[in-house]
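Here come two complexes built around chain A, the first alongside chain B, the second alongside chain C.
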Partner chain A sequence: MGAAPASRDVTSYGMGLAAPLALFFLLFFVAPLLQLLWLSLHNDTTALHWGLGQYLHFLTDPFSLSVLGSTLLLGAEVTAVCLVLGFPIAWLYQRVGPKLQTIIILIVLLPLLTSVVVRTFAWIVILGRQGIINATLQSLGIIDTPLKLLYTQFGVVLALAQVQMPLMTLPLITALGRIDPNLDDASCSLGAGSWRTFFRIVLPLALPGVIAGCTLTYAAAITAFITQSLIGGGQMLFMPMYLYQQASTLQNWPFAAAISIIFLLAVLAVVSVFTTLGRMSRGYGGA
Partner chain B sequence: MSGRKRTLEAMSFELFMTAVAAIALVIIIAPSLVVLIVSFTSGFSLRFPPPGYSLRWYAELWNAWQLHFAAKNSLIVALWATGLSVGLGVAAALAISRSRALSARLLDSLFMSPLVLPALAFGLAALMLFSLVGLPVSPLTLVIGHTVVCVPYVVRNTVAALAQLEPTLLESSAVLGASRLYTFRRVVLPLIRPGIIAGAFIAFMSSFDNVPVSLFLRDAATDMLPIRMWQDLEGKLDVTIAALSGVLIIATVALVAIMERVTGLSRRLTN
Partner chain C sequence: MIMNRRSLLTTALTLGAMKAFPGLSYAQARPLVFATFTGSWEEAHKAVLVPAFRKANADAAMVLDPMLSVDQIAKVNAAKANPPIDVMLHDPGPALVAIGQDLVEPYPVEKSAYYKDLITEAQEPMGPAPFFQVVGLTYNPEAVKTPPTSWADLWKPEFKGRVGITNLNSTLGTGWLVEIAKMRGGSEANVDPGFKALEELKPNLAAVAANPGALATLFQQGQIDISPGNFNAIQILKARGVPVEFVAPKEGAIAFKTTIHIVKNSPNRELAFKLIEASLTPEVQTTLMNPPYLIVPTNSKVTMGGEIARVLAKDTAELKQKFVFQDWKKINEQRSAWIERFNREIKI
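Let's look at the complex of A and B:
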């Protein structure tokens, strides 16, 4: 009855099944990115003259460099805030009963699946001139005139940290769950205090999760263009909006392509630094 | 004496961590609650707390045909992109999950890369290619672009579900004379179905919420909901958007609750 040859491995499927998606990616993901690279290597908008003019323009223009710098800095600030706030959540998760665990995980998960525009809109309501923070401070008599919170670096970092927090917290919960709880007890019974145990035992062992969380948070924060533009306003420009303006409003496609490639390379560089750190930390904590 | 010192020290640590965790959880949940409360205001501004409560802005939403139109487009594109992602993604996951070959690992990285690369750069790149080959932007280009950025969720969740599958089950099924197709339908598929559904759900939500790809790949006639909302918010702060946000938050909570039941979503994302 058409029995398969005995040598054939019934537990795996042929690579042919990956062919449709591979072809789809080749046509609609790899080809566009190659075309982007090709266009960025032209000096004029009609793409007739080859050259590195677009890159030279970007790398010698103080304005462009400052946009790149502030974007990378923004990512670092958001990642730091997410780590400081997200780690205690993951720590608490491991110490409470299953009921509270489900509640914590759902609180963390919900924003991840709620529309980014909705989440950003919420921060406009909170940070605005008539928003909750200003209204509360004014009614308490602490301030007379509303503070400027919207359209500031503080506002953008706070809103982005909330929007990206799940990306940090979920890998941390996974990583802390893999640590043997006896290590904690052993460290304490050997005389190390809780703080020392945390910094010398728990944190190093959770390093793979920290690095995974940082990678995801960083990449998401610097590309989160809705939150950046709505909370940052017109005066604060970051790479995604810069790229959009050049492509859409100014129709300067080769320069927009060069911005994209530089931005892609910056993201890739950060991700590979984190990945290398992750590999090193696994050797350290995985034993 | 030293024992007492140690408990104080332990307490200070636990108090600190619990307090920061509590603050962080409040920061995570507060914005959604604030929007939900403001959306029931009876006034004309987004003032918090509202001067009074009413359903007037939800009634207003009922007549906002522009938003209805945009929501319908977003829903259709998200459904097509999710369908395509499941078809292509599950097949690819089957091929790469049990293979140790280098090609399988390379394909895995390729299929995952849209998750970390800036979607806006991909949107621009796709637009350039489509205009080069003379394919005008349309709902079709939207579906293609959305599928590229959504398929990683399906691949990742399906691969994770397949990794939990006992290979001996497949061997026993084959020994008992079942064909590969029969084994797939009766053994593999039922076991990995929750993983596929979880992946499809996340893919659907991320397509419905996508702005960067839609921004470049939609035509002028195809308004998408998150873009419509974004542009409304850039102009003026409209309470109707708060009501719409309320609807989206409640729908998300309901869908997550269903998915938690059907697929154990929370455990999937922390394993």
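Let's look at the complex of A and C:
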């Protein structure tokens, strides 16, 4: 792995410095992952009989597949909301003075400084029957009976979007910061309107940031056990809760392991779609 | 004995290592480890049970290691020959799992000074029940003017969109479904009537919480006005100023035995026995019965007092008459199928 000692090439680099972390990952990530895979390949809860029964059970069961589908869909919705709301903030950040920049970055980072549990409970207060939204709408006379916001898909998407927003905004800020502002001016002086400039210049150049932000937000949103179960409640089943139920309440570890592996593969598939898009965008941006 | 510098250094290093990594030293030297539950249980045991045990056993070293039942079972299972826990605490479902997996020792009943004083339902030879958890109806007295009296009240049209329940992950959720099934002619072996009743409850359901803790917060938010609830948890909420009341339904309040067990192959068997004995004494149980803990006692020598006497039972005789115990052996057989069915059918 390391550079050949005879002819020291200054452009090559040794992998030695990465060894401690690699070893750490091998011991505490790869090994448990292999154990999980081993466990999932058993047909009975005591893990004595080999077989693909757990996978067959999941993949032939419409209910399990619908749980997987709704989880992946939830991730897509949250990512879309984060992108639409986060992009203008990141764009604004690049246009304002240093004082406002500090304020914006503080607002973006602030949620990261509070625990997820606290933020989620705050959303219960906001979305509840006598919560801020319902109380305001009622006092304005817009609605008579309180809207059901808590324990709905809408509520989960809203809360998750706020909780995961920094993961979208930060990569976007970085990506937009790398774009030369002169390009905008050049585009305008050559006669393109604001929208045309945005779609033909800014967006393609910002795509790597968009892809990175989407990947992070997506992965975080679909695995957010706490927010999903507290805002979604006990009857909206997503993959993390399904997994927990099988492993913890039912002690059916092989099935739980199979759920984890399937979930992992599904997420990897989505992430690889994002990465492919990213690679294509690089070609586009360079063109 | 001649000590050169090297041997002195080795000795010092060994002693230091033993201090830094207690697992290296002899198993017998490990303090007694009691895996209680997290939250209010841990607080109660730290404040009452541990001091009582220390006082009776010459300040013997012990550690509270709070964790969920399933984690206790997993940890003991992973090291059966040299378990990291000496005393386990379980709800009825997990207790049967632990016994079934041969993780606990029979309680030395003949040696025990207090076992015979426990009410019969608490006398479990594989590990006695020092406490009961009681599930009844919880309601918000500001919204519900006439206190409910029966589980059937949850189906009243006036509670449209005001009822909360939990899913079957919890002992509370599962036990409640069984009770509803019984009310409609079912049993621990047949919860079909319970599921039919749930179907009819749907218009009234405002929330299916993921766990009993989440259900309690829904009262605080005014999201629900009535639900099945745990006596102990409700008293804690009430003490914090949330408008909630607990009432035992006329069908009987559901009582869960919280059992305490000596772990098989425990290196601290004798101390483990002593700790369990301490949890069965009338003194400890009386203290835990009083505020702020309000844990229902199982020793018949304890005189009921306070909120427990007012709401639940004045004495053991009344307690036996008003409490319903369930057959968790039967429940465990089909619980996974019920959870699956609940996942599929209960969508609101």
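Annotations
Following the convention adopted for this analysis, the second predicted complex is superposed on the first by the 264 of 287 C-alpha atoms of A that agree within 3 Å, B and C clash if a C-alpha of one lies under 4 Å from a C-alpha of the other, contacts with A are read in each partner's own complex, and residues count from 1 in each chain.
Heads up, the rule we're going with is that a residue touches a chain if its C-beta (ideal position, glycine included) is under 8 Å from a C-beta of that chain, and two chains touch if they have at least 3 such contacts.
Keep in mind that what you see is a predicted model, and the values were worked out from it rather than measured.
Partners chain B and chain C, once the complexes are superposed on chain A, run into each other and clash.
Of the two partner chains, neither chain B nor chain C is touched by A:78.
With both structures placed on the common chain, the touch criterion links A:151 to chain C but leaves chain B unconnected. In the superposed three-chain model, the partner touching more residues of chain A is B, compared with the other of chain B and chain C. Touch criterion not met for A:202: it reaches neither chain B nor chain C.
Contacts of A:230 after superposition: both chain B and chain C are touched. In the superposed model, A:125 makes contact with both chain B and chain C.
By the touch criterion defined above, A:177 lies against chain B but remains apart from chain C after alignment on the C-alpha atoms of chain A.
By the document's definition of touching, neither partner reaches A:210: not chain B, not chain C. In the superposed model, A:243 makes contact with chain B only, not with chain C. Among 7-15, 61-69, 133-141 or 295-303, the region of chain C with C-alpha atoms clashing against chain B is 61-69.
Residues 121, 124-125, 128, 130-131, 229-230, 244, 248 of chain A contact both chain B in one complex and chain C in the other.
Interface residues of chain A facing chain C in the complex, by the touch rule stated above, are 63, 121, 124-125, 128-131, 148, 150-151, 229-230, 232-235, 237, 241-242, 244-245, 248-252.
By the touch rule above, chain B contacts chain A in their complex via residues 6, 9-10, 12-14, 17-18, 20-21, 23-25, 27-32, 34-35, 38, 45-48, 87-89, 91-92, 94-96, 98-99, 101, 103-104, 107, 110-111, 113-114, 116-122, 124-126, 128-129, 132, 144-145, 147-148, 151, 155, 167, 170-171, 173-174, 177, 179-180, 183, 202, 205, 208-209, 211-212, 215-216, 226, 229-230, 233-234, 237, 241-242, 245, 248-249, 252-253, 255-256, 260, 265-266, 269-271. On the chain A side of its complex with chain B, the touching residues are 1-2, 4, 10-18, 20-22, 24-25, 28-33, 35-36, 39, 84-86, 88-89, 91-92, 102, 104-111, 113-126, 128, 130-132, 135, 158, 161-162, 165-166, 170, 173-174, 177, 188, 193-195, 198, 215-216, 219, 222-223, 225-226, 229-230, 239-240, 243-244, 247-248, 253, 256-257, 260-261, 263-264, 267-268, 271.
Across the interface of their complex, chain A is touched by residues 68, 70, 73, 97, 166-169, 173, 206-211, 214, 217, 221-223, 335-336, 339-340, 343-344, 346-348 of chain C.
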